[in-house]
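What follows is a pair of complexes built around chain A, which joins chain B in one and chain C in the other.
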Partner chain A sequence: MSAVGRLRPPPALVAIVFAVLVGGALVLVSGANPIQAYAAIVGGALAPDNLPNTLNWATPLVGMTLAAAIPLRGGMINLGGDGQMVVGGLVGATASLLLPAPGPLAATLALIAATVAGGLYAALAAWGQIRFAIPMLISSLLLSYTAVGIVSYLVRFPLRDTTTGLPQTALVPVAARLPTLVGPVNAGMLVIAAVAALVIVIDRRAVIGYELRMRGLNARFAGYGGVRLDQQALGAMFASGAIAGLVGAIVVLGGQFRFIDGALLTPAYTWSGLMAALLAGGEPVGAIAAGLFFAALQTGGFAMQRETSVPRVLTLVLQAIVILFLAMRHGLGKRSS
Partner chain B sequence: MAIPELEAIGIVKRYGAVLANDHVDLSVDSGEIHAVMGENGAGKSTLMSILYGLQPPDEGRILLRGVEMRFGSALDAIAAGMGMVHQAFKLFASLTVWENIVFGAEPVRTVFTDRGKARREVAELAERHGLGVDPDAKVWALSVGVRQRVEILKALYRRARILILDEPTAVLTPQERDGLFAVMRRLAADGRTILFVTHKLNEVMAITDRVTVLRDAKVVARMKTRETTVGEIIRAMTGRNVDLQIERGAAAPGALKLEVEGLTIGSPGGRPLVDGAVFAVRAGEIVGLAGVAGNGQNELVEALVGLRRPDAGEVRIAGASVGEADVAGHRAAGLAYIPEDRASVGAALGADAADNFAMGFQRDPPLSRSGWLDPGAMAARARALIDKFGVRIASEHAPASSLSGGNLQKMVVARELSHAAPVLVAEQPTRGVDIGATEFIHGQLVAERDMGHAVLLVSAELSEILALSDRVLVMYEGRILADVPRAQASEEALGLLMAGRTAIS
Partner chain C sequence: MTDFLTPFLMQSAVQAITPILLASLAGVLCGRVGVFNMALEGQMLIGAFAAVVGSYFAHSAAVGVLAAIAATIAFSLILAYGATVFRGDAVVICIGMNLLASGLTAYLLRAMFDVSGTFSDPSLVGLSRIRVPVLQAIPILGWGFARQTAITWGAWVLVVIVTLLLFKTPTGLRLRGVGEEADAAETLGVDVRRYRVVTVLASGALVGLAGAQLSLGAVTVFAEDMTAGRGWIAVVAVMLGRGHPVYSAAACALFGFADAVGLRLQGQGLPNQLTDIAPYVVTLAALALSHRRARAAVSA
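Entry: the complex of A and B
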């Protein structure tokens, strides 16, 4: 059986080819040229001039992919990425504005504060599950709405930049902004890349990575073997929320330079990241690859919309077909085994 | 000779590259009790599911009284007079006995179930076959043995002429088992045919007329029970000689290693699941915990190993109180645990063997240092245990899901014994494990005892308890009913205690 399995192309590749074919047919039916549309997506994402845009889009998306992948590796789901991200974003903005430290130090401290804040906020959901048996799937999502609401209030009233009429904080001092590398890409990309490397190494080589993986495969086995499941849930959710908070602060300090109400949520990084993580079943390398693929697709979509008559919604259709196809295959495979 | 009641000719069934049935022939006469035996993975379940129409064979024919049948589903098989009693009963606990029996085949008056007629028919049927069951009892209130009768009645109500009983005695007390045998004999005398799937040799010798033995997907022997011996059947099943007698010297009990005092686990609104259990296990002895499944053994063991917090009472492992500790705390105090359910508790089937062998050892050298794993040490440890315990697996990097039931159990046993913990709790250590692996695991448990460790053996299998234990505790309705020295423990005495009767001993 394994010999047959080896001959088969990986399911993700099949899914992508299938999605490209269906998407192409859709474009054709709507009267446009699918080859032109795809060329625009590929060029828009990967041409040397456009690559920095893709990387800049990929930074928060891959960050949120990691945030989703960590709990998923242990069979848990964190649906509260949005809330943890805005908590991190606002804490990052406020810290960099208030800390009486020289710029780079203030930026570093702001990132750390955002990381801790996001982590603690996510750990709250785990605590609720351990102490009161509130399912984390629900509480993480509900806590997210709460956080988004409270942060929105704070940025509209106590923390609002009164010189503008908009719900946003004052501008972060120039010295405390993340240094630019090339085009829109800033040092935040390096931070996320380092986090990604750390997550992969821990997953493969650390005791806690092994224990989380075993929990994901069989939580009763892990508990029976002596893994402290409660502590582990707290730790995994803290790590997840910490990365989400870090992503929020990186977007604020690296691109928008102030916390703008709603600006972190519009691109739906949390949900793209969650889908990427789900596609790989929480396995970090696969999840990161899927996250990069979605980032390229979405960035290419903007270019396609500019250059052809095809709206960028097509990229969301492609993304949806890939996910549907893989999910379907997964479900069918499960039943037959 | 008359035409056989049921004939399977040249049945072949493949799952991918695995051959589950390889040209299997089976012939059963009317009124016969016919045993189908074989080790795990020999193809018994596949053959039964084909005969019962649950899946079609890839090749081969099924003849019923000389007529070729093609079952599209179990419904076709039932219509043709087949009945099956599964290991796990398929009953509605909240409905009455008669409702369960007529379900799906109700006598109808205009559009409504003819309740009076249904009740009457069920009562008559039960009477005719000597299956004492109250048609109006709710199924949830019935004991396991009676539920099994309901399952048999369900098949008879659908006019089954051939009954497939899949490991029917696994959940019964010896007395209930004898009752079932009486029912089986009466059914056979009535001209019905019974296919009896089992692991238990003494039951085959006691009740069957003929035996068909499967090994590695093929039929390797067909024997008349009267003309064969236990040894011959074992040889056919395993392909070698197996010594069922366990070599063990006298126990030399030492210090108290596992102490349980007043352990109580309540249940909301009912009598306690475990009711003030008091016992101890000493170093160098095997104490058997016998009881019919569902009398609190599972809950007691969960509390002993830290998977469940008791409502009252105290547990001490090697002298240290572990009442409030979690599993990690219990293990640190010196506990190893072979769980009842190796697939869903004792292993992560999706992980490779090295990962499975590492569980419980991952935080200490040599497998890890300051939080980082040493994959080389993990692989070496897995290889060593695979060799020592003779686990049949392609390599230490093969997934645990590639192991057969017996080998998976060997893996779990190997890992837990390698703790060399002072206390070992072994729960159903050989359930569903074939004879070869059973023999090996029993030997290991005795070796564990002889090394001076305390072993608590929890088993629903009286023969296993009697073969291994130095002392036997009997649990009934949450209470430890008796503590019987091995010399006074007989199958009859324990069987009565398991049914809750304390008159003797």
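Entry: the complex of A and C
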């Protein structure tokens, strides 16, 4: 997986048009009006009243896009975002419950704990590749299933809030909650924006960013040029998982105020993020733009389901078609060898 | 140990192996022609859904199975042509296919049956089980096969057929040639592209069977994302078996057994969140133990 090609904007637009047409046909076949459905998506995502919702949805999605983009930039794929996200979410919730700290310190500590936990869990997959030659593509996913199972157990038994009867932890203390900005948008958005800026700067200006891109273009050449590939894989996966863990904690501390079993996974942030990152070949600015686009699409999907009874899972189909179209027509992610 | 290896445990183990085994045979075939098939999960999901649709509308399990095969072959066209004619990257295509399968089945579930999550209906006809009372008398292995569907029996027969096809026939030789040294095969007059397309489509039929077994075999129900990682376990089984159908089948047997043991432990009071991860943990352990630098150390 070297040479993850960079895409120019026009093919992406063509792909989107193609996806819209195929999706429209699907809606038509299932007996609904595609034009109404798409109008509902656009209105639901971009009408001024709905913009805060879109931003709120974009926060975790762009976060997971960055988590996917970092390894992809180096020609690696992290399929374990779900696991890293729930590990971060649960660690964030637990840390804020166990470490009473005053004011903003509580939230900061919980976010840091979640970031480190997610990063370490992702680094485990890189370690498996270095030490045991287990392909990271597979191990990251298998570790994700494992983490989801263990976290689900923990939140149902030892860490469950016994007063509610639901599989969820107790409410996190008020001090640890992220402050609200506008409507549902909370300070987590600023954290993700800062992370995004950092990722862009490192990608463009820092030595490690350059080395990672070099690995993406040709791993053997990068190794020959003096890049320590094993360390780099560990670092890239740690960074990827750290962001995923951070996203988990932001959702917990910013919106739900407790870790609820399954709540982080139902929106499928990980997979939308991976698709957004693939769309831009791991290049952060393009990936973030694609992530925002998918976030708008999905937020609009809620409005579509409400207003036209077309199931909002249609938006997932549209995303998959965009990726498949680009992979076939424009060699998206094509290996050079 | 004797009261642990009960007929029920063996039966559920053999049952759990079937979909993984069929999918891994598909993975072996695709791998042999040089197409890394990571879309087994999505293909199986499409098969499971189509089987339920066929069985529901025709009130016949056989129609369900045929629908599963047809739908999965059609779905496999994406990989068959995407990775050959359109020269796309197989990994990216497969990721897209898995998501497309997940989204499409969830969408159609709502559009066709107006339900979300799980679909079950009295008019769904499941696969009938072939009873072989004689086998019931043979401990362990006999217990496992005494009451299984035709697909389960077929899956094990297919292990033999695929092995013979790959290693004892001229077609198999060409097929392996295409995967090992496509240019050389081309020089010898083998139509590489055609071999790849046909193999990917044929293996799609195998995964379709796997899906039908999943939704019409042990239970008669379709649930969103009901494949729950089985396709990925099959991918790992192919790696562990180094592309050999018999070794891959052995790996599948290990995972199926782990699955059944997990189910059994659940009956003894262990929470299912923990027992559900048994196959993944066993898979990771098996990968770590087989730690030679496998040539299956794909691309990633």
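Note that the second predicted complex is superposed on the first by the 310 of 337 C-alpha atoms of A that agree within 3 Å, B and C clash if a C-alpha of one lies under 4 Å from a C-alpha of the other, contacts with A are read in each partner's own complex, and residues count from 1 in each chain.
Operating definition for what follows: contacts are C-beta pairs under 8 Å (C-beta built on N, C-alpha and C of every residue); 3 or more make two chains touch, one makes a residue touch a chain.
Treat the numbers as computed from the prediction; the structure is a model and nothing was measured.
Enquirer: After the superposition on A, what does A:V14 contact: first (chain B), second (chain C), both or neither?
Expert: After superposing on A, A:V14 lies clear of both chain B and chain C.
Enquirer: Should A:Y210 be classified as contacting the first partner (chain B), the second (chain C), both, or neither?
Expert: The answer is first: A:Y210 touches chain B but not chain C.
Enquirer: With both structures superposed, pick whichever of chain B and chain C touches the larger number of chain A residues.
Expert: Comparing touch counts on chain A for chain B and chain C gives C.
Enquirer: Going by the contact rule set out at the top, does A:P135 touch chain B (first), chain C (second), both, or neither?
Expert: Only chain C is touched by A:P135; chain B is not.
Enquirer: If we overlay the two complexes on their shared chain A, which of chain B and chain C does A:L26 touch? Say first, second, both or neither.
Expert: Second partner only, chain C.
Enquirer: Touching A:L316, do we find chain B (first), chain C (second), both, or neither?
Expert: second
Enquirer: Could you say whether A:V227 touches chain B, chain C, both of them, or neither, answering first, second, both or neither?
Expert: first
Enquirer: Touch check for A:L171: first (chain B), second (chain C), both, or neither?
Expert: neither
Enquirer: Just checking: does A:L181 make contact with chain B only, chain C only, both, or neither of them? Give me first, second, both or neither.
Expert: Neither partner.
Enquirer: Output the chain A positions appearing in both contact lists, the one against chain B and the one against chain C.
Expert: Comparing the two interfaces on chain A, one with chain B and one with chain C, the shared residues are 1.
Enquirer: Which residues, counting only chain C, touch chain A once they are in their complex?
Expert: 38, 78, 81-82, 86-89, 91-93, 95-97, 99-100, 102-104, 106-108, 110-112, 116, 229, 232, 235-236, 239, 271, 273-274, 276-277, 280-281, 283-284, 287-288, 291-294, 296-300
Enquirer: So in the complex, the part of chain A that touches chain C is made up of which residues?
Expert: Those residues of chain A that touch chain C are 1, 26, 30-31, 76-77, 79, 128-129, 131-139, 141-143, 145-146, 149-150, 152-153, 156-157, 271, 274-275, 278, 311, 313-314, 316-317, 319-321, 323-324, 327-329, 331-335.
Enquirer: Across the complex, what residues on chain B touch chain A?
Expert: 16-18, 305, 307, 326-328, 331-332, 337, 339, 344-351, 355, 358-360, 362-363, 368, 371-373, 375
Enquirer: If we count contacts the way the header does, which residues on chain A are in touch with chain B in the complex?
Expert: 1, 4, 205-208, 210-211, 213-214, 217-218, 220-228
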